[in-house]
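Per-chain residue numbering starts at 1, and chain names A, B, C, D, E, F, G and H are given in the order in which the chains are listed.
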Amino acid sequence: MAGKKASPLVGIVMGSPSDLPTMELATGVLAEFGVAHEVVVASAHRSPERAANYAKTARRRGVQVIIAGAGGGAHLAGVLASHLTIPVIGVPMQTDALGGMDSLLSTVQMPSGIPVATVAIGGAGAKNAALLAIEILALSDEGLSKKLTAYRKKLAKKVESASASLSSREN
Amino acid sequence: MAGKKASPLVGIVMGSPSDLPTMELATGVLAEFGVAHEVVVASAHRSPERAANYAKTARRRGVQVIIAGAGGGAHLAGVLASHLTIPVIGVPMQTDALGGMDSLLSTVQMPSGIPVATVAIGGAGAKNAALLAIEILALSDEGLSKKLTAYRKKLAKKVESASASLSSREN
Amino acid sequence: MAGKKASPLVGIVMGSPSDLPTMELATGVLAEFGVAHEVVVASAHRSPERAANYAKTARRRGVQVIIAGAGGGAHLAGVLASHLTIPVIGVPMQTDALGGMDSLLSTVQMPSGIPVATVAIGGAGAKNAALLAIEILALSDEGLSKKLTAYRKKLAKKVESASASLSSREN
Amino acid sequence: MAGKKASPLVGIVMGSPSDLPTMELATGVLAEFGVAHEVVVASAHRSPERAANYAKTARRRGVQVIIAGAGGGAHLAGVLASHLTIPVIGVPMQTDALGGMDSLLSTVQMPSGIPVATVAIGGAGAKNAALLAIEILALSDEGLSKKLTAYRKKLAKKVESASASLSSREN
Amino acid sequence: MAGKKASPLVGIVMGSPSDLPTMELATGVLAEFGVAHEVVVASAHRSPERAANYAKTARRRGVQVIIAGAGGGAHLAGVLASHLTIPVIGVPMQTDALGGMDSLLSTVQMPSGIPVATVAIGGAGAKNAALLAIEILALSDEGLSKKLTAYRKKLAKKVESASASLSSREN
Amino acid sequence: MAGKKASPLVGIVMGSPSDLPTMELATGVLAEFGVAHEVVVASAHRSPERAANYAKTARRRGVQVIIAGAGGGAHLAGVLASHLTIPVIGVPMQTDALGGMDSLLSTVQMPSGIPVATVAIGGAGAKNAALLAIEILALSDEGLSKKLTAYRKKLAKKVESASASLSSREN
Amino acid sequence: MAGKKASPLVGIVMGSPSDLPTMELATGVLAEFGVAHEVVVASAHRSPERAANYAKTARRRGVQVIIAGAGGGAHLAGVLASHLTIPVIGVPMQTDALGGMDSLLSTVQMPSGIPVATVAIGGAGAKNAALLAIEILALSDEGLSKKLTAYRKKLAKKVESASASLSSREN
Amino acid sequence: MAGKKASPLVGIVMGSPSDLPTMELATGVLAEFGVAHEVVVASAHRSPERAANYAKTARRRGVQVIIAGAGGGAHLAGVLASHLTIPVIGVPMQTDALGGMDSLLSTVQMPSGIPVATVAIGGAGAKNAALLAIEILALSDEGLSKKLTAYRKKLAKKVESASASLSSREN
């Protein structure tokens, strides 16, 4: 499995290697925050044993949050969640035919009993999945919590400078 | 598991006992055609081991076709199919919030490699799932094949008499 | 604010008192797991200051996870999340006109930077929001973690007995 | 803030600088009608204080109508409206995944009590937002009202000449 | 035409008398704010001359804002707007078959040049249409403006007491 | 086949006797206009020969326009049209699960070459199907044409009286 | 108005000159069948008088069927139909944001009383609108009727040769 | 008809030659498994006799499973199924305007009595249609059954190596 040296806290699972460009937006954020993570491909349908095994061994390896990206009839997050009691975050991939509405509904409409924390379709969702994982980890990691606050300030600053540069351009 | 005396040829699996009223439309058709079947509840999410075990042992018990009914983020048919190379038919349940669009997309939008034969949302789908299973079994069962032909004739007859009674009522 | 004696770990916020019947499915689960929580009404639109204040003071009061239920153009979870770096879980309410598709898209399609952990529309979502909050808290609470494992076993058992009673009824 | 010399009557707010190409269709119309306006970036989620402050100070600065453009879970118009009793016009941005259906529902499905005047998705909406703002301002500005009447005549003329040039081409 | 003694400032038009129960939520708000209004039935399709005449004479009679409620292929607001340069607010009616998605898209997706200020589907939309009309009128009516501020405070208060009564009930 | 004494000019075909309550809104209009018609049940799927035969013999019997009502995967109008070069009008039935969106798309999205004149989902569509058939027949029947003009005047009158009774009630 | 020398039997109206590439698929079919027609631009919203006048004078000029193409909140066909008792065929344009779902629902969901014969979204719809107009005219024009039969035979032949060339390529 | 030397077991029918690039994904899989098949073009609408004849003679020629690909108002699979009691698999084509939602609903929402086994929209569906056909044939063909098991193992392997190469790249 792909990972940083430290024992991974976040496991990123994708149903297909074609999901990588989107999911790298999640790994990018985790790297930026210095959160150890691993990246694996494990299809709920083409490799069900692998997916189940990944889920069953994740916690043992120290993983605390799972991020699962899948598209179409996106069962991956739900299938992982069925084997786990740690938080599973689902990222619905954008799809050609239906834009990702299929991925979104397959991921979010989980039956009562087994939650999946679903984020937005596509890239914004992948980024936010990483941030959500960090928010969860930060509950017991003061350092991460401070980084999050700083990150938010930076976001607000960027909005401000975008507005300022707009203003100067117009005048 | 619920079953007829004979070794079951069709396995009907539903994600929740609340799907029973719909799925009984499938068992009714199978009974009408004299096709041995078993009925089980096995949630892909709440009882993943049970669902996987059901799938893995089905063929050994003589099951030739699976019918899986589930609603919402309906992963059941796909999860069973991931463990099986016999045909799996998915029945998307009607749902309160989205009418069953969520069940339909979750069931039908399977990734390349693992097919699920999806039928209509709700009761018509459950009936047709049974008929599709029978069509599959009839390929190597002349008796069933004849019953199917007779069934179709009966359907056409019913349309004709409905039309006739309409006509007589109008005159 | 409505609350248990202990300092609340989970804050349940709803946009309107009419969301209460749904959100009580969340409080029920939290109570079952013995997780201290508070319940407040705070509309993102009708009482923006109240909503912002709630968000800004939540952490200080010990709240670790927020569950926000809202319907239609459901901005509540996003607005709370904009003021918070603890996890915010959004429950999209079912709606008369569009079934809850409006609530779902308003809640889940958050822009990059501010995550909302979205669960299913309506009652199943409310229950799962509570379970997700518990999964998050359980990362640093061994007792809760054990309760979750027990809960999952109970779910699987229920599926098994439902199947068994089906079977006995059929025979 | 970006603006014309005169005290701005219309405030154009966008959630992200990437919305600028669309929102410039609004500023273009306002400029054409000689209506003083200001353009700012203020995200409801990434810069909630900035958005709230903008709303709270807008009227004081003479702003009479707000135009807010945002995409996805588009909360901006609703969040601004929650702090304001002057008309807020929402422009739902077109989005990659869902075409803008998410932006539209998030913007228009406001709860009872806090209206947002929603226009069409994307560029046509941005233009019409400016025209709607001008219609509102024209209620107490005879000059603007005449310009609107002239603008409408020009629109009708354009249709006529398009039809005529079609006709001549065909003959 | 149905109206208060004073010259009407708001004209409420509905495509069919069956829209009345919804549109009375608008007249109720206008009455509460003491805004003179008239209520007429004028179908864009069944009585096109009547609809056009209403639009063409509205301003002359002192009407400053139009509220148009219609369902299905809801053309009424757009047809009125094509004859008017005062603000037209469209209320999409909830519909049996498609929930009001048809009414919403027909009303909001106006082509560039002719704006319709669209509000939410059904009752919440009707109420907000009246409030939006009042916001527009209040730009040049200090008294109305104060009433709006008071109304908003009352809304916020109601949220607060709902929360308080929830809290006391729980304890 | 159900019919009036005169040779039928309009053939009303429905896929199932359960469509009758809706389709009787069409026969009601035809009767009101004195247009001879016949009513038959002929499913495109359950009785394909019957449907094809109906289409192939319709013109010979004097039928000039076909109205076909069907729901779900509504193929009836398209199947009839494939055998006919007289106008075929499709009425999409309202459906439980998807409201009739399935019926609508199945009926209207015909491939280039074989048109189906599609009307609104459900009852309004059935009525309008009859009126459209009458408009077509009226092109060569002056009497029908006058009745249509009178019918439209009556519609406009009804709108006017509805408005008047509203007005008197309010005053 | 654009037209052939003979008095036009079909009037093609489009809401915007940008609809021309699609609507030329309709004029192409009419030309192929030798049906005299005229082509005009007349927006229901930007040029309401022009649209109404076109409708009111069409019949007088000999027009027997109207084809109206419009996109988005597509009111054109309905507005023309409100002034006419000859058949009006609506072609919903494909749109950027919502694919044409907005155009389709705005065109097809007409209220009871005023029918619009709606065809498929975009180019297939434009072609079929022309064929539907020809089917209507052919009811009283034996020559056209024969051409339609020939056209259908040609369609079937094309399918056959496509199949044959496929077959030879494979072998 | 396009075919391999051996009597075809699977009949692939497409509504238009433009569906070929998608449907070749199905023929590719069948060829890979050595399953004799034939490929024909037969439109349900443009060549109804041809489609009916194909269906009626298929079984006689030894065909055991039909795969039908069509787009838009996709009636082909249903029309073939109405004449057949062997399994018919429907592949909904992706479409420009609505992404394939129209094809999907037209194909899957079959009325009770006549099943169509529907797979995913577009290429993944075409591939899975072939695999589903093979699963059906494999019920009475031990060799095919073994090939299917091998195919699944290969799929799982591919997932594993994709994951491994990801891992090595990251390290």
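Note that contacts are C-beta pairs under 8 Å (C-beta built on N, C-alpha and C of every residue); 3 or more make two chains touch, one makes a residue touch a chain.
Because the structure is a prediction, the values reported are computed rather than measured.
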Item to check | Shortest walk length in steps over touching chains, subunit A through to subunit D | outcome: 1
Checklist entry - Looking at the contacts, which chains touch subunit D and subunit H alike? => result A, G
Item to check | Self-contact between copies subunit F and subunit H, residue sets same or different by half | outcome: same
Checklist outcome for this item: Note: of the two pairs A-C and D-G, more contacts are counted for A-C
Next on the checklist: Based only on mean CA positions, could you tell me how far subunit C sits from subunit H in angstrom?
Outcome noted: 43
Checklist entry - Which whole number of Å gives the spacing of the CA centres of subunit B and subunit D? => result 52
Item to check | Centre-to-centre distance between subunit F and subunit B (centres being mean Cα positions), rounded to whole Å | outcome: 34
Item to check | Residues of subunit G whose C-beta touches two or more other chains | outcome: 16, 43, 46, 72-73, 98-99, 101, 108-111, 113-114, 116, 120-121, 124, 152, 155
Checklist entry - Which two-chain combinations qualify as touching? => result A-B, A-C, A-D, A-H, B-C, B-F, B-H, C-D, C-E, D-E, D-G, E-F, E-G, F-G, F-H, G-H
Checklist entry - If you look only at subunit G, which of its residues touch subunit H in the complex? => result 94, 99-101, 120-122, 124, 152, 155-156, 158-160, 162-163, 166-171
Checklist entry - Across the complex, what residues on subunit H touch subunit B? => result 64, 85-87, 89, 104, 108-121, 123-124, 127-129, 131-132, 135-136, 138-140, 145, 148-149, 152, 155
Item to check | Complex contacts: residues of subunit F adjacent to subunit B | outcome: 1-3, 16-17, 20, 39-43, 46-47, 49-50, 72-73, 96-99
Checklist entry - Where on subunit A does subunit B make contact in their complex? => result 15-16, 43-46, 48, 52, 71-73, 75, 78-79, 81-83, 95, 98, 101-102, 105-111, 113-114, 116
